[in-house]
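First chain written, first letter: the chains are A, B, C, D and E, and each begins at residue 1.
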Amino acid sequence: MLTLKTVTRTFPNGKMAFRDLSFEAQPHEVIGILGTSGCGKSSLLRVIAGLDSEYQGSILIDQAPLQGIHERVGVIFQEPRLMPWLNVIDNVSFGLRGDSDTNRKKALEFLQLVGLEGFERHYPKELSGGMAQRVAIARSLVTSPDILLLDEPFSALDAFTKMQLQDLLLQVWKKCQSTMLLVTHDIDEALYLSDRLLILRGQPGELVEVIEVTESRPRSRGSERLARQKQEILQLLHLTAEKTGEVQDDTNIWERHPAARRELSFKGLS
Amino acid sequence: MTHSARFTGIILGGILPLVLLVIWQVLCSQGVFQPYLLPSPLAVLDSIVELAKDGSLWAHIGITMYRILLGFLLGVGLAILFGSVVGFYPLAQRLLDPTLQAFRSIPSLAWVPLFLLWMGITETSKITLIAVGVFFPTYLNLVSGIQGVDRKLIEVGKVYRFSNRQLIHRIILPASLPSFLVGLRGGLGVGWMFVVAAELLGASQGLGYLLVFGQNTTAPEIILASIVLFAILGKFTDALLAKVEWRALHWQDSLVHKR
Amino acid sequence: GCSQTDTESVAKGEAKPEKIRLDYAYYSPLSLVIKEKGWAEEAFAEDGVKVEFVLSQGSNKALEFLNSNSVDFGSTAGAAALIAKSNGAPIEGVYLYSKPEWTALVVGEDSPVQKVEDLKGKKVAATVGTDPYIFLLRALDTVGLTAKDIEVVPLQHGDGASALVGKHVDAWAGLDPHMARVELENKAKLFYRNPDFNTYGFLNVRKDFAEKYPTYVEKVLQVYENARLWAIEHPNETAEILAKEAKLSAEVAKKELERNDFTQAIPGDMQRDTILEAGKVLQNNEIIKPNVNLEEVVDALIEPSFAEKVVKP
Amino acid sequence: MLTLKTVTRTFPNGKMAFRDLSFEAQPHEVIGILGTSGCGKSSLLRVIAGLDSEYQGSILIDQAPLQGIHERVGVIFQEPRLMPWLNVIDNVSFGLRGDSDTNRKKALEFLQLVGLEGFERHYPKELSGGMAQRVAIARSLVTSPDILLLDEPFSALDAFTKMQLQDLLLQVWKKCQSTMLLVTHDIDEALYLSDRLLILRGQPGELVEVIEVTESRPRSRGSERLARQKQEILQLLHLTAEKTGEVQDDTNIWERHPAARRELSFKGLS
Amino acid sequence: MTHSARFTGIILGGILPLVLLVIWQVLCSQGVFQPYLLPSPLAVLDSIVELAKDGSLWAHIGITMYRILLGFLLGVGLAILFGSVVGFYPLAQRLLDPTLQAFRSIPSLAWVPLFLLWMGITETSKITLIAVGVFFPTYLNLVSGIQGVDRKLIEVGKVYRFSNRQLIHRIILPASLPSFLVGLRGGLGVGWMFVVAAELLGASQGLGYLLVFGQNTTAPEIILASIVLFAILGKFTDALLAKVEWRALHWQDSLVHKR
């Protein structure tokens, strides 16, 4: 379905976003991407979406090299990116082609699914952060893309709404048989949704680990096996030490981190 | 805006012109300004009333408004055409923009002999000359508006594989609307300024004609009457555009459009 | 600064202006000669009065400068001065810099228009309110026509010439040097000429200047008088100066100069009549207000006393 | 320190953001605010910050009624809101007064504390989402405000970076003795940082519950007691049902939620 | 922009003017245009060279550039002053803006008699008249830019309890910079157009003088020479501003400023 071979993205200022990424996504697979802030996850999605053609290496979709923006790709960006001059319903139906009446109906349906019924005529400036993000999610799902790239789609949502939308996403996934690449910071979410997890690390980001999520679907959020895998991942991310005890003021918590630079005893306040 | 808010707006906006008028009138009746230099507001009003009485005022205003309207539409149409192409296609920008920018600084009066040559003393030549004035500010603002559109929004359209025409139509033009509307207002202003030059192209009616006529016959109250009419009509047409602007930009999350 | 106020108060008898501002214009060859030769500076150097030259692009500009106290002396056509005077401009016509035949009715080389009557129903370009326009009206008047019988196309002088050549109009009430140029280069024909319908070139002075510094008015006129006599004696050199200053070709300059008559300098009854006639036409066309008493205005405008002292018969 | 008495905010379009909120914050207290998306949390912070004076009810800071923007208040907005024309270091020192050299030094220090050393000269358009948010955090903390209002400050950050910054926040809080109001969607985070939790619900949002977090500081992220409180809160938010089993396609998961509107079996795809 | 990119830019930008020139020359030498109506480019070049030879070209250009420069500075200064006040304070807007908008449509020629009256034929009057031309587009764009500034950014400043002066200086002006810079370019263009009117205020040198002189002496090659000079100098000054614009807006995340 989607194949990356040693893909690297370098910015004109010499900075690399990520380096030598290679992986393959099967049809109907959900791949979770985890990694520290700034390790190149968004840049990776941009490259796969075809929005950024200045990369080295090769990307294939259905064995054909990627050229420009693939027609079956849908993207949920890290920011809502709503058109400020369109109201909510027009924003949702923004990417739909064809008859505008059926488009509106479809858009309305998805608005209800993301819990925003009654807000059709609001403009983006009248929405809360989470509501804007939900509109963006609806806008993307309504076109039922085959390959869906999601960049932290649920990070602005409360726990309850987040769960609703995760389940909504699973339904869309089932019905459309789509392949998904999901960037997330929420390990529970990654484990609940993905078939495979890619762990990136460093600046530029490199692929340090691929974890198969073996738990069968439908999954339970409280599953023991998932909890165990979560511990594994946390260990992998060197997070367990901090998990079990509050950091003391003089402990250098940046130390075990590749980006670690200096002590956390800051003079400005002492 | 509620009805009463608009009303206080008019009142407040009227204070300054009124004060200026009163000062002007007082200075004139004090003899600081001689009437052959600067007739009093009342004298100017008189001559406007006189023009109105014999009906020629409406003819002057009517024909000038007609020319402005057509010239504005023509100029804006061309500005949208060239502006979108130049703003969107870097190659078009590099080919066309330098030349257009060069034409931008040619004064209205300089166009007169050329237009006379190309189009004679027809109504078309006058309207086209006004369109030239309207074109440049509109074009400039549109291009800069387009080039300033947030890349993030354009990418959304690209993901939906919008054609370039769709990108322009559905994202770039709406997003550059604030800048474009300022351009329209600027263009209208320059269009009004071009009226004088346009009406040097063999017009025997119109505000520009009235102004030049007043200058040729050393008639200060006619000069001032035409200036006052220019100001009033210019303000009036600008207010129309400002209203369009206010309505069209209600979605802006900015200082003025806050609630 | 203070020193100048001092000298002013020190001056005995009559006050002395700090400087004198003269205009020069391409339609006034004498002014060009004066400027070129530096005679004005010469004449006032001994008094310590500075001379400043300001270019007038046309009668209306000269009048604007006079009105706004930007020049002390301005060169205009007689009719233009009359219009301004009727609007209250405080000026006096003190000298004739020329009796020019600067305007005539012009048609293209192969035009069917042969005489004024033929203009009926035709398009005629003219600059409304200027001497050629008045000339056109008076010419029409001679055959019993009015402006309503033709189609007047208001165009600036230069544009009128182009419009005639470009055949956008049938005839043109022309003005030199445009007229001389189309005559020479495009074989345009001056089908109706009448020097007496031209309203003379008036040198005007601002009234308060004349009241304050009458002797300096005379001194300026003396400079003009010298230039006039010189120009009569040196027509070729005058044409050269005109050609050089106004960037005209030698032939055009010569042609224009041929149509200037420098023999009269004192404004008098003849000018009074011409201007009065022009005034009537203007009043009929509502360019001069109907309530203006023309005779009074003309009398107030023409002030021959200065010239009479300077010009030797 | 900070007192709210029956504060209500109604928008000109007739919509209420929140209704009749009353609570009191003690000096040096950290109050967590939890609530579903769109229930008025950001609007509440805006009102307290003094950015929005069109509310009903009364707000007192140190017994004095709130007038305009209080000088000791600092805000971390839900979006980074960086000045796009300033580079990172200038953005951080944006709110500092006085000598620019010492300001730069201070800003640099906080940049290091949020793990962004080496990015001083980057412009906002060259930052990743999480990096931008960290710059915004540094910008706010560098002025050491007495009352700090935080609107989902860490939601764009990965688990590791999030923990670093939570600890950083605690240090600042200790050193500056600040009072904090923290809006968050992360219940773990709320429990780890707060002394008290306010739970909002509904549209308009109303205060449905106040929970004291009794665990003493310094806290451990793995604490049993916190885990128990988390369960309580989840129960309160009606989330436990979904927690223990994946939602079936035909289960109406919006039903128990006040905003629930319709069934989650969507026709657009079936 | 690299050195070679700029070079190709100049080449590309030069294509269209060259094509136009060639067409013009061919039409003239084919006799389609009579020389007394539209002289050939070579004839125009000739007369420019002649002006250059006797040195008066540099005098014309020099004095006009000087007036433009001072007028531009004056106009922009006033536009910043009025624009910030009107853009920021709603009351000032309601008091001042209607009057200013009314003045905006008064043609340059109409100002001439008034400026003569107020300031005579000094250099000041010319510079001030050019400043009037520069003022309006700059003012209009600045006000609209200020009023379009994202409320979210302004709130950041408010939280830091910035004074109004600081808000304007540190947030509003930088944020409205794109709009302001377009205004500057538009203002400069209108400023060039006002040169002719300004130089009717008793100038005997300058490009505007040259144009009117050509018109008064029926010298089409001088008219065209002055038009060409207007275009070249206008383009040159505009290119300077465009360069400033490019540098000042590198932070924009837009189509043109993408990497």
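As a convention for this text, a contact is a pair of C-beta atoms (placed from the backbone, for glycine too) under 8 Å apart; a residue touches a chain by one contact, two chains touch by 3 or more.
Heads up on the chains, UniProt names are A, D = Sulfonate transport system ATP-binding protein; B, E = Sulfonate transport system permease protein.
These numbers come from a predicted model, not from an experiment.
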- Note on the structure: Joint neighbours (chain B and chain C) are E
- Task: Return the chain whose centre of C-alpha atoms lies at maximal distance from the corresponding centre of chain A.
- Result: C
- What is the distance in Å between the mean C-alpha positions of chain B and chain E? 16
- Distance between the centres, which are taken as Cα means, of chain E and chain A, whole angstrom: 49
- Message: So the centre of each chain is just the mean of its C-alpha atoms; given that, what is the distance between chain C and chain D in Å?
- Response: 83
- Do you know which chain B residues sit against two or more other chains? 37, 113, 117, 152, 212, 215, 220, 252-253
- Item | Per-residue overlap in chain C, given as positions that touch at least 2 other chains | 64, 67-68, 156, 158-159, 162, 166
- Item | For chain A, residues that touch 2 or more chains besides their own | 11, 13, 79
- Query: In the complex of these two chains, what residues of chain A are touching chain D?
  - Reply: 11, 13, 34-38, 41-43, 78-79, 106, 109-110, 112-113, 115, 117-118, 126-131, 134, 142, 144, 151-152, 155-164, 167-168, 170-172, 174-176, 185-187, 217-222, 234, 237-239, 242-249, 253-254, 257, 259-262, 264, 266-270
- Message: Under the definition above, what is the set of chain D residues touching chain E in their complex?
- Response: 49, 51, 69, 71, 73-75, 77, 79, 81, 83-86, 94-95, 123-125, 143
- Task: Name, in rising order, each residue of chain C that touches chain B in their complex.
- Result: 60, 63-64, 67-68, 80, 83-84, 87-90, 125, 127-130, 152-156, 158-159, 162-163, 166, 168-169, 287
- Note on the structure: Within the complex, chain B is touched by chain E residues 8-9, 12-17, 20, 33, 37-38, 88, 90-91, 94-99, 101-110, 112-114, 117, 136-137, 140-141, 144, 146-152, 154, 178-179, 181-182, 185-186, 188-190, 192-196, 208, 211-212, 215, 220, 223, 226-227, 230-235, 237-239, 242, 249, 252-256, 258
- Item | chain E contact footprint on chain C (complex, rising order) | 26, 53-55, 57-58, 61, 64-65, 67-70, 156-159, 161-162, 165-166, 177-178, 181-182, 185-186, 246-248
